[in-house]
Each structure stands twice: as structure tokens, then as C-alpha cells.
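One structure follows; several queries about it will come next.
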């Protein structure tokens, strides 16, 4: 059954996943757009850089983040200077970690979706008097809808399931940095298999229903596209 | 420096990532193609199912895979029956786990890429006498090239960085199932930070170079596409 | 040459590595062939789950007594082989020199934002830390300042990276055979916590396994264990 | 040899329902207003549109209740309404795509097409680097490269200028005369219909409103084709003598002889002549001292209104038919009646092939 | 008021290099073979193609060395060569896209366009569910909906049939007469040029080969336009009386009067008349008893060869020019010379607007 800690963890998890996804989309969208349009020579370097965190085990990435966020680390000093306290063991720190780790899952589908639009629809919108921002929002974004669904699903789900980074820099503080994935993990480690099954099962079921709804909606709308 | 175990881990890792990526592409490509074309009512269910493993923390997913693949689990018994040993704690088991866990990263970009091709190029190829398989290989696949790059990069990198699942079902047996991510993690856990930095740094550098090459090549070819 | 697969709690990994090297050298000189001890570090909870599901380990060095005992109950263990191989000692450590005093009074001063402990639910060192804080009657008042590592290694990283000013870590972590880590520490007196009994069990009987176990119990090993910061059983 | 088809295809707001037989000799034009189902019909013939129906081509059954021959086995060439080039291939790659999949080893049709469509200088370009007309020409060459047994073309020349049209039309003509490839050809252009078509199918609202031989269809006063500015009649004729002095060729037909500017023709060639209704004026007596060379005796066959002020007159000349469009005023002045004998002055004669 | 432009744009194998001034009164046609740079020029005017140059429209400088006005600030309407509808919007959404971004609140142009282009029944469709011609009509309506100051159209009618063309052309005419929207119009069709254009720019290989007033350009015997089947001349004229009896309208011009079938015109209207060269025959004496109503006295102005067997004769009638294409044989028989007086029989006259 869901005890108080698990419930807290659920809330923190949803908050973390939601906020991270929003930030990922807010940052990732312009970045992906820029990458899909630029002819910059060094573009491949930036693309590689974005995908790079993937190859590190999350706990190891978390370890380096921990060092970077620590009192002697570069990020730690900056955040200390801004907010008066280090980022480690705070919810904000988790968000930073999740965003870095999930960035490629958001940027890559978006970049692909934007690329496949081609330049024509944007040109048409320009001739119809739409400003760059306007045409981005009213043409590029809706045409890249499936890319956004993929980006959001991968980003959100991956943040829910993410665990290594969070474990490393979160400090497992109930109500603040203890997320569901760690709660389930703890149950497994503590040999409380019953609780683990319950939590994991619930999480799977809820996620499954959410995903089915998301994909169904995407499909409903996608009927608008189709054709050649 | 690279000790014997680390070297072993490197080899196992590359083998695992390569084999998993190949299998992922082999399975994921027809699956993504089918998903991009079908009008099946229950498609959203399948799509949700593919994305589902993502929401579980990898160690927890690994735990359940361990139960399924272990000597008492259903899959374990089948494989015991076929090959005389359970899948857990073998290299083959790692491949199974990695494939399940990385599936969404491969299927989703491919599915999006296939969808954005539209039906016209395939129709044209059919009128020119290309069989379904022929036109899939000579039209759909090259037109979805960027999707393949994304799928392969995410799949490969994610398998290299993957760790929770592998740790659980692999048992961390050097030379057999100990991969680089776990080796780095172990160094960190054992406070052997020097080794950890070396290994992580080398992995990052090698991955970075590989990624830059992949993206540059993709861009070179993509000049062929462009336009409207 | 034969291979021996030894699952070992992460905190004991660097210690047993030294023991295993000695053992390998010794078997070479005695029997003329080099046996191999393959060490598999990990959390004890994970090892437990793996052993239950058929992991091909010969010996299991647990971080506590409980998992070893459970395995014995479930018949996964060669009966009568369970024994305590080391006693974990808890210290309150900070990388800052002269910060932790020799009585642990720093805990009551509370001029720190975070105190790191291992997760009491998972790690025996965490459970002991909880015991200490409770017997000092500051458990409740410190609750808001606790950050919990998944295991004792992570707890150490919280502190050593400077993210937590101090924390309860294993003595073995700041004291290795080669060197002692800097900073200041308070060795918690055994009067306010039960030292952490770490137990091992034999999973798959073999001559080599038994040979290794008796080597662990030998004086040569015990001195390594002691040097590494553990108490002796 | 022909195509028998009974096809039913439904879109959300539209349904095509045709029962047709199309001759596989020569060129069949499909003509009809925008949205009348021309593309849908072509797609159905190609197997790109699922439908319940029956389709037999020559001796082979392509579609029946139980059977549906997939597109790639139909041995067709298809020029889509939009060029639809493969963006991942060069121009050459596009053109060779079909050739490589055909069982023929003869590149001559492909080479001839490349030459005639004037795309040799584009072969190494990427598909995206072409102008609209260039894209369309490449698409035509591509459809030909697989040496299809039937060619389906959806407004292939719409985006091309007069100059290219003039060069491509004879080539299409050639395809069916020399290579015996029948063509089913969708077009909006009456000119193209008159130039190419042997048969004509009129589509409207998804139904066949009329179909038949081109010469008859063009002069049927009950169809819209015979009305409007470009109304014309077609006459089959045979090349006769050649006047070296004036560089003129004489062309004989059932009702007499035409004089036309010289063309690359030899005596005895069968040709097709197109005469626009508005190029035909009528006189009671045969006139002289005129720049008009072609004056023929005709008999009025039928008279129909053409708007308020004009009438369309169908004339019999020998066994052939002519259309003439004149004002009602002239008709009254000439006292036109069915059966009346007159002289037709033909200002201009277009030699089609 | 006009457009001054000096533009240079380079593609890999092609460069456009023009120095032009285009009047902003009326319709300017851009005419040229496939691949001559028509689309490139239009794109450059719209700001879709970067180039180093100078572009001044009316009083506003759109491009100079330092300055580049982005497309969305140029207040243009652009009909692309391919319809390019927004796939994520309905037909209505496509059309209203420009309207919503314009500062006008008057929907009448948009509604008029929807009505005339006959797309009202399609408004709720998805863009992918249209036929080729329907797509193109929606694209035209969309370009108009933003009430542009200049309309750029790239072969807008190529995919449409005669029927729709005939309905849309007068509407485009209306746009510039009533709403004062100048149009720059790329086309392959000489018919459309003659119907619409006030000015004509001939492009070839990226360069302007000639430009000027339409009537003059059409009759310049040194340009290809005056040769070929569709060669024609244009005459400005004024509507005169109406003959109730025969439903005929008389149209006066500098050289006399034409008789044409009645049109919806009122006395005094300015109209444009197109006379194809092959519709003009020549006689030495004025003939009677003919169905030809329009017979005018003319003077031979210039004679040029038209192939081996024909000659093209430029004729002066009043202040206007006529072209006549006749056989060399007839020319000899009539003893044609510059300055000779003759009668032109005009079989057919097209009233354009």
C-alpha cells in the first residue's frame, strides 16, 4: 500500500517530471529549431555535446554533477552566489540534473521534426505577413507536433524513471528530493518486495493510461496531416 | 590507467552496445514502419507499451527482468529449456535487457521519420516497379536517414550509459557481464576516483569524437535532401 | 586454474581486493597454479536478489548480518558457514580540518546545513548513525538537515565533495592501508551504537572456496582488515 | 485489346463510379473540370486507390472481387500531377530508378527521353535544385525509363511552356506509334486533346459523361467541347504532293485537298488535321483574290446556338466534319439552313502529326 | 510609382542578374522558357532569396547595401508554383491565415475570392483532401486574403482548366482595376499574357532579353512572341453601340470599328481586343457575301519570314498594329510590299476586358 513517504515521493516525482519537461521543451525547442536551420560549420560539435551525457552512467554523471555543484565546484559557487545556497540536495538541483540528462531525448526528436518540415511552409507564412515568432508558433510548431509528442513523452517518462543522477545529487530527502524511482529502489534494496511490486505496478498502470491517452490524441490530430 | 578489468569491461561494453543497436534497428525498423503506416485501432496501446519501460527506474526494471529471466522466472525456464541455462547473468541476458530498455529511443525517432515521408514517394516507387521490400530499402530508409542516425545514436549511447538494468540482471561479472558503466561506478564506489576520472574521461572523449563524425556525415548527406 | 566468484558489499571491496591479491599469490606458490578470485562489488540488497534468482556466485560478503541470515533461512547457503568477517566502525567526518571535535559536540552546535548519513533502511552504517543520533537525543531536531546516501560510499561522496559539511561514514573510508584522508573526525564510541557486524556465507561449496574463506579468517587477512579501519570479530 | 474497368472509389465527399472500356491502341485523353475525379481514376487504374471493382487490361485481370494486383506488378508508368521526385536521389538516380527495375537492357528509350526533354545538363543535379518545369520533365523521363506497357499521365505538360510542349508532344506521339505504348492522359488543355488523343473520356462529378472517338467527340454539338473559343474539328488525311516553289504541301482527305506550309513529311504519310471553328468562315460563292488558300465546298449538317450572338455550324465535307463558328447576323445574311451548300474558307490548318 | 530593382542571385549552376523597372500600374507578366529564372526573380522580389542588390518599391527601399526588409514586412501576396498549402490547417484556416495578420477588417475581397474561385464547398476540408486544381485555387485565395499591396503569382493558373481560367482571369483583372493591386505574373501561356498583361518582361538564361508595353512587345517581329501559332496583336478600344437585333456590340478604335458578339459591357467602357495573326486574312478588294464581319483597310508596315512557307505581316490600321500570318504563296499572289494598301478580314476577335 501507499505509505506517507511513497505518497510524498509520488508528488515530488510528478512535480519534477512536469517542471523538467516544461524546461526541456522551453530550452530544447529553440535549440532544436536553431540546429535544424543553421548552416554553422561547428554544428556537429554542439549536437555531439548534447548527446554526450547519455554515454555516462547516470550515477557517474550524478557524481560529477555532485562535484560540480559542491562548495568547490564551479556551479556550486555560482549558485551560492545567486541564491545563497548550494544546489545539491535541493529540488532545484534535481531539476538541473534531469534537464541535462534528458536533453538529447527532447532536442533530437524536435530537431528531426523541424528539419522534415522544410523551408516552404515558413516561406509561405512569411509572405502572408507572419513575423518569425508568429510563424514559428503557428506553422513550425503545429507541423512538428508528432516530434513534440515524442520529445515530451521521452523527456517526461525518462525523468520519472531517472534515478542515478537524482540519487547522487538529491540526498533522498523525503518531500523534497525523494522521488518515486528511489522509493521503489529502496523497497527493492530493503527486500520489501511487496511494497515494490505495489508501487511499480501502480506507476506502470498510471503511465500506461497516460501514454495511451497521449498517443490517441496525437493520432486523432494527425489525421489532419496525412496525404502528400 | 586502464587495468585488465577495465579493458575487459570496455570490450564487453562495445560488444553489448553494438549488438544491441543492431538488434534494436533490426527489430525497431519494421516495428516503426508498421506503426507509421497502420490504421490499427489499438495502435496507441502498443505505442504506450513500447514507451513504458522508460518510467521504471532501470534497477527496478532490472529487478523484474531478473525475476523473469532468472532460474525461477518464465523466460528463464524457457531459455533453460532451450540452451540449458537461464538468461540472467549471461551476456545474452544483458542484450535482452538493453534492447527492452532502449526500444523507445529507437522506435520513436524511426516512426516519426517514416511518418514524415508521406505516402507519395512509396507510391512513385511502386509505379516504377519496386516491390514493397525494395521500395522500403531504396526509398523509405534513405529518406528516413536522419531518423536512423538519431535512433542509432540514442540507442547506442543509451546502451553504453545504461547501467541499472545491466547491473541487476548481469551480476557485474568481469569479462562476461561487467560493462564500462559499472566499472566506472565501482571505481567511484570504491573511492578510486583516479581510475574513475580516467575511464569516464576516455569514454567521453571517444564518444564525443564518434558523435561528431556521425553528425558530420549525416549533415554531408543531408545536403542531398533540403529544398521543398 | 580455478575461478572463484565473490560477491562483496561495496564498502568492503577495496579491502578484500588486497586480501584476494595475497590469496592468489599464495595459491600460486603452494599449488603451482594461479587461481583467480573475481570480485563483484555491489549493494547487499541487490546481491541478495540476484542470489535468490540464481546468480553464479560462490561466496557472499554481506554488509550486514540480516541478508546473510535470510539467505541461510532460504537454504541458499551451505549450512554452518555464516561468520562475521569484520566489524564496521562509524565515524563522524568532515573534510574541514578541526571542524569535528573529539566528542562530537559539533552535532549540537548545528552550524551546518546538511549532515550526511547512509539510508538507515538500506545500509547498516545508516542504521547505526540513526542509533547514535537517537541516543544523543538529537535525531528529531536534526531531521531537517539529514541527507541520505543510498549506501555508505555515496554518503562519503556527499561529504567529500563539500555538499554536506559533515557526515557519518565508515572509518574504513577515511583510513586505508596506504593513507588517511584529511579533515577532522570523531570516532563514535561503541557505547552508543552497536558496531556493524558484517557477515559472509558460502553459497557454492568447493575446495577453493573453503580455502579462501579460511584465508580470510587467517591472521594475515585480519591484519589487513584491521589496517583498513575495521574492527575485528 | 483494351482495358475493361468498373471501378468505384469513395473519398469523404466524393465518389468515382465508372464503367469504361478503353482501347489500348493509341492515346486516350481524360478531360473534365477540376475535382471531377480524373486523378482518382488514374490512381485507381494504377492500383494506388483501393476500390471494389473489376479491372481487366488486355488479357490480364488486375482487379476482381478476390484479386488485386499490386501496383508494382502492373507494369505502368505514372506521371503524377505534382512531379514527386525522390529527394534523396540525383536527377540521374531518379530516372534510372525505374530502368533498373525493368527487365529491359535497352537504354535507348531512356536516352531518347533525356535528350528530348532536354534534361541532359541536369543529370547530376539534386532533385531539389530544379525549377518547376525541370522537375516535371525529369518526372516524365522517369516514368518512361521503366519501359512500361501503359503510360498514365496526369497533366504532364501543365507546368511547361509552349516551346517544351511543342517538343514533347511529338515524342509522346512517337511512344505510341513506334513503341506501341498506349497512353492514358489527363489534361485540361483542349489543344493537347486535339493534338494527341485518339479517344476521349469526359468526366464530370465522378461519372463518365461521354466517351468515344476524338473526331466525333469534338464535333458533337451536345458536348461542351464543341463550344467555346477553342472548338475545333479533326480530319484524318494523307500527305500528297509537295510544291517546291512555294514550299507548300498538299494534303488530301475525303472532301478535297488542303494546302499547308511544308512540314517534314513524305508522300503517303497519314496525318491529322485540326481546324478551329473560328478559323472557318462561310461564303455563298467561291471567292478569289484572298490570302486564304483553303476553300472547300461544304453542306450544312447541323446548327446550334453559341451564346446570344453566335451560331455553331457543323458542316459535312466529303466524309469528314467541320465546325464553323459565325455570328448570328452572318448566319442570317447567308440564310443558313441544314442541307444548304456553301463554301468554307479555312484560314488556318494545324497539322498535328 | 514603380519597382526599381537591380538584383543578382546565384544558384550553383545559374545566376539571375537583372536591372529592371516595373510599373506598379496594372499587371506585369514575366515570360520565359523553363529554367530561365522566373521563379528566382519572383522569390528575390519577395525577399525569399538573399541577394546583393537594390530594390525600391514605390517610395520604400526594400533592399540596398545595408538594408534588407524581411519578407513578412513587404506586404506582398505570393502564389507559389506549387500550391504549398499548410497541411495542419483546414482550407478555411489556410485562407484566413493571411487575413488575420493583415490590418484590414474588410472580408469582402476574401469572400469574393472564395466565391469566384469556387471553393466555398471546400472550406471545411483538410488541405490534403483536395484535388490538384482545388489546391491551387485555395492557394490563390490565400494570397489575396492578406490584402497585399503587390501580388506575385507564379503560374497560378497552370493546373486549372479552361473553365476556371475563364472565371479567374477577369477576377485578377478586377483586382488591379478596382482594388489597385498591381500584379507580377509568371506564366507560360501566351493567352494569359495577352489577356492580362499591361507590361511584359522576357527572361532568358537569367537575363532580361526584352521588356516593355504589351501591345508593342507582342508585335515586335524580332521577338519570338510574334512568331508561332499563337502570335497576336492587342488593340485598345472603346465600346460603342449595341445592335439589339443581332445581339452584337460595336467597338471603336483608332482604325475603325469591330463587330463582336454581345458582352456585358456598357457604352464607353475601355476594352482590350486581341487579334491572332492567323485570324487575319488579306484581300486586295473589300469582299462581300462573307461570314466575316470585320473588314478593315490596312497598310503594310513590315514583313518577316515565318518559317519556309509563311510570312508574318505587320499592318497599320489607324494608330494601331495588326499581325497577319499568311502563306508565302498568298503573299506573292497579293504582291505584298511595305506601304501597300489592303483589306484585312478578321475572322475572330477576342474581347479581353
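To keep things simple, chains are lettered A, B, C, D and E as they appear, and every chain counts its residues starting from 1.
One rule holds for everything that comes next: contacts are C-beta pairs under 8 Å (C-beta built on N, C-alpha and C of every residue); 3 or more make two chains touch, one makes a residue touch a chain.
Since this is a predicted model, take the numbers as computed values, not measurements.
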Which chains are shared contacts of chain B and chain D?
none
Chain labels contacting chain A and also chain D
B, E
With centres defined by CA atoms only, which chain is the most remote from chain A?
D
By CA centroid distance, what chain is farthest from chain E?
C
CA centroid of chain C to CA centroid of chain E, Å
91
Between chain B and chain C, what distance separates the C-alpha centroids? Give it in angstrom.
35
With centres defined as the mean C-alpha position, give me the chain A-chain E separation in Å.
56
Any chance you could list the residues of chain A touching two or more other chains?
63, 120, 182, 185, 188, 226-228
Overlap residues in chain C, where contacts from two or more other chains coincide:
46, 49, 154, 157
Among the residues of chain D, which ones contact at least 2 other chains?
82, 84, 129
Full enumeration of touching chain pairs
A-B, A-C, A-E, B-C, B-D, D-E
In their shared complex, chain A is touched by residues of chain B numbered 43-45, 47-49, 51-61, 63-64, 104-105, 108-109, 112-113, 115-116, 118-120, 146-147, 150, 153-154, 157-158, 160-164, 181-182, 184-185, 188, 196, 200, 203-204, 207-208, 211-212, 214-216, 219, 222, 226-228
Quick check: in the complex, which residue numbers of chain B touch chain D?
120-121, 123-132, 134-135, 138-139, 142-143, 145, 223-228
What part of chain B is in contact with chain C in the complex they form?
59, 63, 66-67, 70-73, 76, 86, 88-89, 167-168, 171-175, 178, 186, 188-192
Counting only contacts in the complex, chain C reaches chain B at residues 5, 10, 13-14, 17, 38, 40-42, 46, 49-50, 52-57, 151, 153-154, 156-157, 173
Residue numbers of chain D touching chain E in their complex, please.
11-13, 32-35, 38-39, 81-82, 125, 129, 131-134, 137, 154-155, 158-164, 188-190, 228-230, 243, 245-248, 259-262, 278-279, 281-285, 287, 289-293, 307-310, 324-334, 345, 347-348, 350
